[in-house]
């Protein structure tokens, strides 16, 4: 993150002749210096996807005017689009339960500015990590979730998320099923790490399922949360080799290393606006 | 394959104190030189597994007498066991359809003696590879399979397998569902390569399924064939990374490289008596 | 390869504002439909790289006229560039010695049209594979190489390569050091597979070197051949895990699987004009 | 670590007939229940290696008596051997500099008891992590290292290590060259994580070296520290894929994920007595 300030334009539109020419010419007309750009045509569905980073100080205007001036082009191309500013840090709210590995991993990346984000607060259904989180100067909210109080608890989670103006909610092994109304209130903004290589082993206790089936690799999946459990668009996945000598406890331990790595990669892609969704799939411009 | 001749003892039995001592002492009493040995205790089921390679010329007897003398120990320990001789080549019958990658790969390994086996014949439901197989000096049998002749066709496959005294039947992307009676006639002797990372994407067109789900890795699984489609004990698996730019055709192409590598590894483990089955799982002493 | 015919433009030039706009506008003006496009800015050296696939029948002209019309733009941008036609198959000459794995692997890919190329001939310093190659309907030339005849032998290799109008020479474990004059006569056209993860274990017997050092992974490297042994631009690399129980023979065996996979991937990138060199490094637009 | 208490016997000796029989019979005579056992014969050097876990309460005696009774067998077999007790936690001293990733990672594993060790203190040449370490209830020592005070500084490190009765010293990206006298005072007890795939890129700034060479994978190596810089026995290695778009800063970031994973795995193997050294190589009984 020692790079100059830049704007990131992410967009998709129906495919046709001249899309890149139209967008790149607009940028060039204003002396915009393109740092990085990626394009993808989905030939099956006839849809075009792009992500362009433009050096901020090469342009004679800032985001508001960029938006105004680009608007007619986007209309003409029937684009879904957004633009972000690398100088505005994303606000990420982390939800955890009692497992530490993803939380420590994210905090180390935040602490070293590898993840150059704001963490306005951490929310947990347990009080275990209060000290650790607060020691880092970050607010901690204990919101217990019981069979009886779910509606109230998730209303509180959503209230806290809105209060701190969160951009992204990360379920860092939160281990609770998020109610449909929370999912639909935050589309494309809730990221989960599931402890299996989806679509294998959906739902509870995937390592137990993997042990029973006798697979030779186990994995983890980072995905957007939708109302369908473990069915949302997949952002990133990875696996690790196991063998017959590994118990379920060993698999849980190996799994943690994959979970935290996959979550960190998936979250980074998301925060850098590298992920565009297309139905239930993702385009990830790495 | 520059190693001396050796015998391979593979066994499993209920776990108890003194199993290794009993078996290793028997071998030592006869001056048997152990080249390699592996042990595994399944703590959940209380069962013990082992594989021991003994240098043939270190012993004062050969397999028949080994079997006689070891028999009381095996009885006492309530063992399932077998012993093989590295000087006796395994007889592997390959079944193919119209895809070439696994066949070429196995033939290259056979040709260079990396796989030090006999291939008494190749059987196919198409005639495409006759020339290629026969050029290598191997018999080729075209056994067409249609909706109407399945019973007859598989009886012929089984007859050919028995006629050539086959040890192992390899489905090298054979693309046909093997009838239950063939499976049960050859338990632990039919090896398949399935073109997905099981248990994801069972059945037909797994790459199409993977494309629809938007996974970020695709894989292949080498397993023993049982009457339950794609449910047999898994011997080996592996995966390869794909991304949004890969079409189904690209996935098929990437998949071939994983399929042939996974099949070759799984087959090798099997032929070297490194695979012991335990219910629907495998112990693989690599 | 079920895609429509397309042209592939590969280019690099000094970085500045408006490169993409200039090139993409040229294509759009002629109704060129972009199937795939990739761009890379080397910020350290201030150089820009691109690769664009344009659907052939979307343009009103063919390669010759494309070249004429694009020429002024390329001049203005001070570009190094080339353009190729997917309908014109690349001509690949394979050089082998006595190891079979890369040859069988390439032949299987050619036979199934996964590699949609012409193989005008195979050249070898041994006669072993004559039958195998000729059975596939491909010419085989035995050009022995001895301590005394090197100059003559390589002159003959070069003559054969030119005679068949070869585009690319593939050293498929050819195991001979190519003289400097052959390297400089064919810049960026000779591809080698080295049996180590370069820069580790340059030169002869890399698996022996790896065994001595006790590494836990071994690898292979596909690279362009230059006059500096094993120092040319790297196109692709991969590794496989080994452990203390693996002998040098085991490592050779494992290594073969990595070698053939890495060579096939690297060769494919090269043939699809996905590789641009930049000094001693490569940009690979996968 | 929910397993019962056990003793771990690690040993090596000249290879001969009857080693396993001798050792396993000794254990069986005393009703010792073997939980896990691994054996390796180095055929080149004629040396035998083993590691055996015995359930503590299956034996009628504890470590001292085990040692006495086993001594004559070890003498007879001319063994190098040691035995450890899972109930006695290893004492690990961590040395860090200014990078956080390995420290956070190890602390998370310690905090969750995944690494069931004592950390008597953390030593650093900078004061940055004092607060983080002390918050976990662990002593922190700031021992500055300058060009002038090296001898004094390392004497202090050694004094602290001995004072807390450390078993293992972990260089968690400590970034200082350990003097030869410290290396020889603690043979097989100092573990380093080097940020390259050794033997590639020995010494300083390996990611810069990797960037210059244009490799397609970068790696990390966990090894025992000896007086020869980056030449000690390798315990574990791994790699991650990069491409032309990755700057040195990106490589450093990717590298951190590999470094912490490789260090954690290597350290775990060491602490569980799974690593036996043999000259400059390791046997790792995973």
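Read from first to last, the chains carry the letters A, B, C and D; within each, the first residue is number 1.
By definition in this document, a residue touches a chain if its C-beta (ideal position, glycine included) is under 8 Å from a C-beta of that chain, and two chains touch if they have at least 3 such contacts.
Worth saying up front: this structure is predicted, and the values here are computed from it rather than measured.
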item: Shared interface partners, meaning chains that touch chain A and chain B; value: C, D
item: Chain separated most widely from chain A, comparing mean CA positions; value: B
item: Separation of mean Cα positions, chain D and chain A [Å, integer]; value: 35
item: Residue numbers of chain C (touch at least two other chains); value: 36, 43, 245
item: Topology of the chain contact graph, where touching chains are joined (line, ring, star, complete, other); value: complete
item: Residues of chain A touching chain B in the complex; value: 40, 42-44, 197-201, 213-217, 219, 233-239, 243-245, 247, 280-284, 286
item: List of chain C residues in touch with chain B within their complex; value: 1-2, 36, 99-101, 104-105, 107-108, 111-112, 114, 131-132, 135, 245, 249, 253, 256-257, 261, 264
item: Chain C partner contacts - residues on chain A that touch it in the complex; value: 17-22, 24-25, 27-29, 31-39, 41, 43, 58, 241
